[in-house]
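Two complexes come next, and they have one chain in common, subunit A, joined by subunit B in the first and subunit C in the second.
Moving on to the complex of A and B:
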């Protein structure tokens, strides 16, 4: 296996374009575990660690944040600029696995891997993030909601990479919250609910909700959000919104919980998440 | 084969290894530093935890070639001049060690954690060590040990 350590994104893209069997190496938390288990046999690895651009966090002209793909989960978990609605990202990153894995795993690796039971995809959809993709024919931007296409399948085309994630400025009074339910601290979620919520004079003025581990991709239902907007987040409104989200979910049965159990968690975790985001009556 | 150097426990080490070699395999097989253990090779158990530039990582998830030039501290590097480090001594004194297999990872994780949070609660200690599994399941005294080390360094 060849090992490349490019220092620019363009060099990385050229290396990937030249060899369809090559894989980008980010943190390696998933990739190296797969190599160790002999599940993959790439012809080459293109390490992204030496590419400075991928390690930066910058404010965007719109008032949001651009997060480089190689930022570790630990870095995101302690990033003070992830406040207000965008705190949903900080909270999700802080609940990934254990300290040592959070020091290794990266934003771009998690996004590219597209595991529906991982924590960042749902948070990205709730935050209405945009994935900045770099490829042989330049850069393109894809809304997180459309980026995750199926189980471990994303909108990335051959030779493309995740360069950054762009978080928009959230509504003024928005609060983000990531509610993760796992069997034990540090496990993958049995179910999770990511919300960005804003209240104005006791009524919900903005809400975006995405469920993790509820299907092959993060689950978002516009009608469920519409049911909550304008309401005081009373139990009736939440239960109707939860019913819409439950109907759109198609979770798996696995060691972390049966599909039925996961569906039962939807209303409970949604209630908790909205309350934690400041929607408590 | 790839030629790299690593700074391991303060010493420069020159190595020639295949790109697929993990840091854990390089430590254990190439450098004969067998204190870091290989239990799952999947990032799940924490027995291979080492410090990479001061922060704990699972050495089984890191490719050695990818950390060329960087600084590694293993369990062998915690003590000085043949003496146990304060954390190692606290684990002994608290009676935290059973078979010992998970202990190098536990102690490396706990050392990094206490440096960052010198007065932790028991809950914080549990969370900090949540990635370190003990098959002998003696967790209570592990937490006691970290508390003991915290108390001693505060004294």
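Moving on to the complex of A and C:
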């Protein structure tokens, strides 16, 4: 297996284009585990660690943030500019595994791996983030909501990479919250709820909700959000929204919980997440 | 893991049975099936490519029809391994066809699938969902082809 350490994104893309069996290597948190388990056999690894552009955080002209693909979860967890609605990202990153994994694992790796039980995908959908993809034919932007397609399957095409994630400016007074339920601290979520919520005069004026570990991709239901908007987030509205989200969920049965158990968590975690985001007593 | 599926086909029972017992008809309906060979006595060989994200493999399968009651029932055993023998798969399946009226048939199958080896290190929860999705894709392909 060959090992490449390009220092520019273009060089990395050229290496990937030349060899369809090569894989980009971010922190290796998942990739090396898959190699050790002999689940993958890439012909070459293209390390992204030496590409400066992937390590930057910049404000966008629109008032949002552009986060480079190689930022670690630990960096995101302590990024002071992830406030308001975008705090959902900071909170999700802070709850990934343990410090060791947060120091190794990256935003781009988590996005590209597309594991629906991981924490960042749901947070990205709730924040209405855009994935900036770089490929042999240039760059393109894909809304997070359409980026995750199936288990471990994303909209990335052969030779393409995640270059950055763009978080939009969130509505003024929006609050983000990531509610993760796991068997033990540091485990993958049994179920999670990411919300970005804004209240005005006691009524919900903006809400985006995405569930993690609830299906093949983050689960978002526009009708559930519509049910909450304009309401005071009373128990009736929340339970109707939760019913719509539950109906759209199709979780796996595994050691972290049965499918039925995960579905049962949806209304409970949604209630907690909305309350924590300032929406309920 | 148990995989159980059912679907309806708008075609007569005898036609559906004929289709389902014809490897040349079934193979193109199986997602990822690359080639199939009839080796006689109800036995077949096939290569099927499957993958979840970056994890990809090809299973070489030996399929044997152990018992059949035309045109309604077949019991099939499938054994397979990856080229490298890194994972092995066995599936015991039962297929039941029921006529629903003159031109419609109800297809039901149940498989008990076991995977051992490297692929078993991969989460069973996702594997089961994947198997279900492939089953649904097969049903869709088969229905379209049998109704054509």
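Note that the second predicted complex is superposed on the first by the 280 of 281 C-alpha atoms of A that agree within 3 Å, B and C clash if a C-alpha of one lies under 4 Å from a C-alpha of the other, contacts with A are read in each partner's own complex, and residues count from 1 in each chain.
In this text, a residue touches a chain if its C-beta (ideal position, glycine included) is under 8 Å from a C-beta of that chain, and two chains touch if they have at least 3 such contacts.
No experiment lies behind these values; they were computed from the predicted model shown.
Visitor: With both complexes overlaid on chain A, does A:37 touch subunit B (first), subunit C (second), both or neither?
Guide: Both subunit B and subunit C are touched by A:37.
Visitor: Contacts for A:114 in the overlay, against subunit B (first) and subunit C (second): which applies, first, second, both or neither?
Guide: So A:114 only meets subunit C here.
Visitor: Is A:23 touching the first partner subunit B, the second partner subunit C, both, or neither of them?
Guide: Touch partner of A:23: subunit C, not subunit B.
Visitor: A:261 contacts which: subunit B (first), subunit C (second), both, neither?
Guide: In the superposition, A:261 touches no partner, neither subunit B nor subunit C.
Visitor: Report the partner of subunit A that touches more of its residues: subunit B or subunit C.
Guide: B
Visitor: State which residues of subunit A lie in both footprints, the one left by subunit B and the one left by subunit C.
Guide: 37
Visitor: Note which residues of subunit C are touching subunit A in the complex, please.
Guide: 52-55, 86, 118-119, 121-126, 128-130, 133
Visitor: If you look only at subunit A, which of its residues touch subunit C in the complex?
Guide: Interface residues on subunit A, with respect to subunit C: 23, 34, 37-40, 113-114, 150-153, 216, 250, 252-254.
Visitor: For subunit A, which residues count as touching subunit B in their complex?
Guide: It is residues 1-3, 5, 25, 27-29, 32-33, 35-37, 45, 47, 49, 74, 97-101, 103-104, 184-186 of subunit A that touch subunit B.
Visitor: Which bits of subunit B are touching subunit A when the two form their complex?
Guide: 2, 18-20, 22, 41-43, 46, 49, 52, 55-58, 60-63, 65-66, 109, 112-113, 126-128, 130-132
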